[in-house]
Each structure stands twice: as C-alpha cells, then as structure tokens.
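Look at the two complexes coming up: subunit A is in both, with subunit B in one and subunit C in the other.
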Partner chain A sequence: MPNQHGASLTTWDSIRLVASKLREGFAGAPEKLRELLTGQSNMLRFALIAGVLIALCAALLGVTLVLKRYSLIGDGLSHVAFGAMTVAGVLSIAPMAVSLPVTIVISVLLLRGDKAKLKGDSAIAMLSVSALAIGYLLMNLFAPVSQSSNLSADVCSVLFGSTQKSILMLTAKDLLLCAILALVVIFVYSFFFNKIFSVTFDETFAEATGTHVKAFRVLLAVIIAITIVLAIRLVGALLITALIVFPTLCALRLFKSFRGVVACAVVISVLCAVSGILLGAALGTPMGSTIVVVDLTAFLLCILIDAVKGVFVK
Partner chain B sequence: MELLRFEDVSVGYEGKPVAEHLTFTVNEGDYLCIVGENGAGKSTLMKTLLSLRAPLQGTITFSPALKKNEIGYLPQQTEIQRDFPATVTEVVRSGCLNRSGLCPIYTKAQRKTADDWMERLGILPLRKKSYRALSGGQQQRVLLARALCATKTLLVLDEPVAGLDPIVTADLYALIKRLNTEDHLTVIMVSHDIAAALTYADHILQVAHGGCYFGTTDAYRTSEPGSQFIKRAGESNA
Partner chain C sequence: MKKVFAILLAMLLVFSLAACGSEKDVSSDAAASDETQPAGDVTESTTGPAAPAPAQSNSGTTMDTTSMPVSENVAAERTAAEKLSGYDVDLDLVGLGADVLTAQMGDILTNVDQYRGKRVRLAGICYANYVESMDTTYNILYGYDSTGCCAAWQIEFYGDEVPATYPDYETICVVGTIDTYDEEGTDYVYVNVEHFAM
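Showing the complex of A and B:
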C-alpha cells in the first residue's frame, strides 16, 4: 500500500514505524507533560479535572448498573445521547441543551419499572441502533449547510472522543457546568448511599417495607443520564460502557462488601482516567480509546490478582 | 387486636383475577399460613397484602397500629442476590432503613438493633462475611434478621424454606415459631409445606380457584376443603 511518500510499506515496516513513534512518544512524555501541565494553556488541567469528576460518577453508577444487569441500558442511553447531540448540532443549539433532557427522559422511561415494555435487550438494541442511525443520517444531511467542514472528524469525535472537540477542548464555562453536574451526582449518590444499596440488593423488600422505590428509580435514572451525557465528552458515545462496567468488574474481583466495591471502583476509575488522559496527551493518542485500554489493563490485572490470591488461600 | 382485615377481596394482575372473594382477618399474635396449589394466587395475594399491588375488588383495612413501614418481609431470593457483593452486616442493617427517613447514615440505635437480631439468630460471627459465600440456610437467616429489623409487629414470609435441607428447615421453622410465641410477632407465611403449616400455624388460609377457606388450624383439619387438600398432599408425598 503506498504511503504518503509514495513508497510502499510492508506490514513489518509499519509495525516498526509505529513502535519507534511510540518509543519517541514515551521518551519525550515527561518533558511534554511538564510543559502541558505548567504551561500557559489550561487545556490539560481542565481535562484532568473533568476527567476525574466524570470517572468518579461513572464508577458510582456503574456499580448499580452492573449489579442490576443494566449495563446495556447504559450503552443504549449513550447512543440516544449521541443522536440528541447531532440534532442539537443541526439546529445549532448547544449540544447539552438537547442531549441532557432527551437522555434523562429516555433513561426514566427505560428504568422506570419492571412493567416498562422497553426493557428487553432486543428493545434496547433497537433503540441504540435507531438513535445512532438517525444521528449519523442527520449529520450527513445537514453537513453541507452547517458551519463545520469536516464531517468525519465530527462524527469520530462524538463517537470515540477523538482529539478534536474532545475533553481537551473544554472552556472554563464547560468545565464549570461539568463540575456542577458531577458534584450533584456525587452528592445524591453519597446522601442516599444506604438506600441505593437496599434498592439495588432487593427492590421488593425495599418497596414492601415502605421505601419509595419508584422515586428512587427515577432519581437513579436521572443521575445515570447526567453521567452518560458528561462522559461523552471524555470517551465518546461508543466507549462510555467501558467507563461504567470496567471499574465495577475490577472491584468485584477484589472486594466482597458493597461499600468496598464502590470505593474500589471509584479509585480504579479515577486512576485509569488520569493515567489515560496523561498517556493520551503525551503520546498524542485519542483520549477515549487510551482511557479504555488503560481500564482494560486494570481489569486484566485484577483478574491476575484474584487468581494469585486464590492460589495462596488454598 | 385486629391488625388487618380482607373483605371480599379479589387479587390478580392486569385485570384478571387469580383468587377471588377472600375474606379473613389477622389478629395480633396470630400465626397464619397461606396454603394452596401452584398458580392459585398465593404470591399475588402476598403482594397485595404488602401493598405492592392493588386489589381488583373488595376492601383491605389495616389497623392504625400497623404502618406500612412496620412490616417485616422475607421475600424469595432473586437472581441478582446470588453474586451480590455485600457483607452480612450491610444486608441486615438495610432492614432499618424504612424508619430512617432522610437520614443518610444508620443511627447508633439502628446499628444496635441489627447487632441484636444477628445475635438472636446466631449469625453474629458471620457479620463480616460476604453474603454470597453463605449457605442457603445462613442466607435465609440473614434475610430474616433484615426483616426483623424492619418490624415490631408483623412478619411476612414468602416460602422461607424453599431449597433448604430438612434439618435447616426444621431449625428455621422452630425459630419462626419462637418469634411468634416469645416476641409476640404476628406471622403470615406463604408455604407449600402443608405438614409444617398444620404443625406451627394457628390459622390457615387456603387459596384455590373454586373457593377459599379460612379458619383455625383445628377447624381446617376437619373441614371439607382442608381434609381433601391434606389428603391429596399426603398422597403426593407418599
């Protein structure tokens, strides 16, 4: 295949090229990061603050979603948020002004109760692909008239949180909004921690003994929607599920109490997000994919620790 | 004192009645067993009793002494709980939540209540253990302790011995009987186990499509529907 210089590259050559690029990236990383962190631009600092807050929220809600077997609902919602964002783009309104309310409404409808008809996994699959298809279709239809000139880069950034328009492009106003929403989620979750445990562990008992389970479902649905809309900025719509499931799956391997699992998931999620952002910035790789790969590595490490622990206990 | 009264109540779902014309009362200190065949509406009746479902017709009167947040409930285990990360203490304490209002943490008194019940049920040594690592009988005791934290008056149990071996089953029945006699808790139990129902309960409610029977255990034994049901259950066990 001809590359940009016109010469043809073998597979081996391309691997060597990538390897040397990565080696250079790692070698120059400390210098580059110091520059980014202490320099004039707030880009990386803002990204780190937002990343930590978003990772924290995603880990908190991930525990409930994973334990309730609702991981796919999170995935479906992220696609809905993507669809809503493109509609906002077409109408030239701020993306969050549309995607936040739409995602909250769909989330409440999906998680409202066991009688909700949309809960089946095929229904969620249907919702996901429809939202994705409509989103992409609208972007294409309106591409010629919108101000943005680079359609594929736009799509890529929303779906994968790639370098353009991603977490690195936060303005101070974006960051403030993000921080407020994240703090609301964190506050609600910690304030109702015991009740969330009870409702997650045994909804029927909670309802029979007088907890307002329906109100809690709505509350959870709302904070889940907020978290997902925020997380699109960090990793993109397609990769959000990773932020939700990986920290919990890691923590489940290491802890046996609910409190322990939640705390561990939060720590792992924040550590992975921070290292993913720093790695991505240093190597120039896309933030979203880098964070997810770090998450995956953490998960594999946890499996290893669990296995080693099993050997020693026996 | 009368705790709750069902008058000509029909229960069911999506407008279709499963069990009809139920009339019975539960007094303080009663031990009522709800028996009947599969599909006769025992579980639906229990959900209605717990106000999880509205009755299709008839009236249910709760005594003012019985507030909704004073009912202890031992549900059947769900799929989610089997691999749920939670310590015994976490599960038991969650029973206290129905009376804590908006308070985000457990009070000292609530923690004490949880500890006391764990002690009574012999699961205090397990308090730091993971719920998913326990045996079936131990798990039932944990869920029973949680139910007891939620009530001072009425304990509602849904097939509490399902899946337990005979020894553990006998222990659990004896324990529930003690809670009834010593702690004066009113017990309502849904059960498949007609023999145990006849041994421990003082009232029986038989739910069936044709008609329901309600009376004391002695009267039930000699009644027409009772003797027939006991005979059939005996034949199928033999």
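Showing the complex of A and C:
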C-alpha cells in the first residue's frame, strides 16, 4: 500500500503505523481535548452542543421509526436532502432553505400510510436512489459554474459528514438554527408523547379513541424530516440511519416499556454522540464514522448484557 | 444457545483486552522492520525520513515514540515542530488530527477577527507561488484532511524569518501571529512569521 510519498509499506507495517497513530492519539487526547475545549476556537464546543441536540432528537424519533418498521426512512430522506442541497447549491440559495421544505414534503408523502400507491421500502428505495443520482448529476453538470472549488470535498462532506460542511464548521448562526429546530422537535415529541405512543403501536385503536391519526402522521413526518436535515451535519447523509436505529436497538435489548426504551435510547444516543465527537477530535478520525462505530460498540455491548442477563435471569 | 453466545462474546471481549501489549514489544519489532522497509521515493524529499522526536504525553512525562513507525511526512512534521516547541503560543495547531486541523483552519479563515493577533504554531507543506500578473511571490502553507483528497486548507506566510528561497513541497513549521493584508480590495489572511523551521 503506497503512502503519500509513493513508498510501499507491507500490510503489517501499515497496520502498525495506524496502531501507533491511534496509540499516540489516545496518549495525547486529554491535553488535546483540553486545548480544543478551552481554547480560542468555538469549534468543538459548538460541535458538542449540536451533537447532543441532534442525537437527542434522533433517538426520540428512532424509537417510533424502528417500531413502525421505517428504519430506512432516514436513509431515504437524507438522500433526498442531499439532492435538494445540490439544487440549492446550483441556484446559489442557502442549502437549508431548499433541503428542509423538500425533505418535509417527501417525508409526508412517504409516511402517508395506506392511501399511497407506492409505499414502504419500495417508495423509500425509489426516492433515495433517484435523489442521490439527480444530486450528483446536477453537481457535475453545474460544476464549471459552481461557486464550489472542490466538488469531491462537497460530496464527501454531505455524504460522510467530513470536514467542510461538518459538525466542526458550525457558525453561531448555524448553532442557533440547529438549537431552535431541535427544541421544536423535542417540545413536540414531549407534548404529544401519549398520542405518539398510541399512533406508533396501533393506529386503528388510536383512531377509535379519537386521535386524529392523519394529523399525527403528518406531524411525525415533519419532525422526522427536520431531524434528518439536522443530522446530516453530524454524521453525513449515508450514516444517518445509524443515529436513528442503533440507540433504539440498544434500548430494546435492555428495557421493555415504551418510556424506558425512549429514555434509554436518548441516554445512549447522547453518550455515543459525545464520545464519538471527542474521540474523533482526539484521534483525528472522521467524526461521523467515529460516532457510528461508537454506536455499534454500544449495540454489541447491549447484546452481551442481554445475553448474560438471559443466562442468569430466567 | 444463549449460554454459548454469551460465552463467545465474553471471550471476544477478553481477547480484545488481552491484545494490549507493552511498548517494549513494539520497539523490538520496529527495529527489525525498519531494516526491511523498502526505500521511499526520494525525488520529493532531499533528506530521508528523520527519526521522530519524543512526544509529550498527557501526564507530563516524555513518551518515547522513536521506536514507533511513522509515515515520512509525519516524521518531517515532528522534526520541524520540535525545533519550535519552546515558544509560547495562543493556539498550537501542531499535532491536531488532519480533519480537525482542516476545520480549524477553515474557522480561522472564516472568522479571522476572532483570531487576529493570536500567536499560532502551525506545520504544513510549503510552496512559493509566483503570480506573473501581480509580479509577486506568495508563500503558501497548506495541508489536507485525513483522506488526502476531499478538503484542504491553505494560508499564506510572510516574515523576515522566512528564507528568500526554499525548496517547494517541504514540511515546515512556523510560529507567528494571524493577520490580514489588503490586496486590490480583498483581505487575505496570513501568518506573520516570527520563527521558521524546516
């Protein structure tokens, strides 16, 4: 495997090189993090605040989505958001001004329920790949006149949450907008918790007891879309499903009640997001991927806890 | 089945913890492997990779990293940075991960008012860019994110300590203050270099 200067390294040398880099990263982590957290730049502080809010929202909605078998909707909507951001870039409009309304509309269409002709995973798949393809096509077509100097960087940033438009590049205005949207999601979810609970498990029963199910479906679709658009900044469009799915799956292993699952999912999601951000900053790894790996590790630990619990508690 | 699964997972966890070795093992391996490592491409660098200098660990004691394998550019960056390690700075950008550094440089270029006058220590790759239309040579210091392709940062550097000529695409380290200069109505961010090391 050639390095940047063209020298060939054996596989073993490459592994040792990476291992030593990680080891040094861990050794110097407290000092580095202290400098980043207390220093001149607001970069890491803003990233942590936004990360906590986004992880919280994703966990709340993840429970509903996973239980309703809509786990991949995050993927679909994030690709739609990517396509919308491309259109915004081509038209030189602020990305959020286009991606948020478009994602909300598509989310409402996807979560319409029985009335849709094309529903479920087919609809998600169709919209997902179409939006991704259209987005990338537009980026390439309009590249010569684009204001962006580096298309690969832009694509990488949005898909994987890497450097340029990542959680580390939030301005105060971005953070304020993120905070407002996140608080809207949290407020709506908390205020309508009981209704969301009944709509999640049994829409027919909810309708029979007087809940306006269609309205709640639309409300859920809107707050899911908001959360997805926010989460793109944290982990990128391709990894969003992890934020939605993993905390819920971990919580389902540990708790049986809806309230317990929601609370546990929130705690796990926030802890994993904070750990991922701090680890990424300390070790120099991409934050989106690091957060997802931490989520995966938490999930494996929960499987272990559940298995051990199952052995000793019959 | 559950018992077997639990035991398997527990064993995996134990093995992963048992993989933590001592630095002594690494250093003896490194000495052997350095001899067998093929020679690098020397056209871009006039000197071979220097032995990495000991880095400071968080406990304040020096961690001997001379035995740890490092890539050529990391070794060069360490050598340059070590020469300027004694200076007091407001922002030490040496040793940050590539992604964090790229984001930090982006922050500096975007919010320069927040950083103007701050003393920084920064390492990267240098090159002199002569622009004929302006009849000016711009000293550029740049670096990439961890993938080496997606995002890059660059900043200009000037000062009496900067040599009049230097080989392009070498790793250097500078200590200086962040400032801006105006050229044809546009502000450009640069590092006013007080100390320079290659």
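Convention: the second predicted complex is superposed on the first by the 310 of 314 C-alpha atoms of A that agree within 3 Å, B and C clash if a C-alpha of one lies under 4 Å from a C-alpha of the other, contacts with A are read in each partner's own complex, and residues count from 1 in each chain.
FYI, a residue touches a chain if its C-beta (ideal position, glycine included) is under 8 Å from a C-beta of that chain, and two chains touch if they have at least 3 such contacts.
These numbers were taken from a predicted model, which means no experiment stands behind them.
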{"item": "Fit or clash between subunit C and subunit B when superposed on subunit A", "value": "fit"}
{"item": "Which superposed partner A:Met287 touches (first subunit B, second subunit C, both, neither)", "value": "second"}
{"item": "Partner chain in contact with A:Met43 - subunit B first, subunit C second, else both or neither", "value": "second"}
{"item": "Touching partner for A:Leu17 - first (subunit B), second (subunit C), both, neither", "value": "second"}
{"item": "Touched partner set for A:Ser92, first subunit B, second subunit C, both or neither", "value": "neither"}
{"item": "Subunit A residues touched - subunit C or subunit B, whichever exceeds", "value": "C"}
{"item": "First, second, both or neither for A:Asn140, with subunit B first and subunit C second", "value": "neither"}
{"item": "Spatial angle subunit C-subunit A-subunit B, Cα centroids [nearest 10 degrees]", "value": "170"}
{"item": "Minimal inter-chain CA distance - subunit C and subunit B, angstrom", "value": "18"}
{"item": "Interface residues of subunit A shared between complexes with subunit B and subunit C", "value": "none"}
{"item": "Residues on subunit A engaged by subunit B in the complex (per definition of touch)", "value": "67-69, 190-195, 197-198, 200-202, 204-211, 251-252, 255-261"}
{"item": "Interfacial residue positions of subunit A with respect to subunit C in the complex", "value": "3-10, 12-13, 16-17, 20-21, 23-25, 27-32, 35-36, 39-43, 150, 152-153, 156-157, 162-164, 166, 168-169, 171, 280-287, 300, 303-304, 307-308, 310-311"}
{"item": "Interfacial residue positions of subunit C with respect to subunit A in the complex", "value": "2-3, 5-6, 9-10, 13, 26, 29-30, 33, 36-41, 44-45, 55-58, 63, 65, 68-74, 90-92, 95-100, 102-104, 106-107, 110-111, 114-115, 118, 145-152"}
{"item": "Of subunit B, residues touching subunit A in the complex", "value": "50-52, 67-69, 71-73, 75, 78, 80-81, 84-87, 90-91, 93-95, 97-98, 100, 104-106, 129-130, 132-133, 143, 146-147, 150-151, 156"}
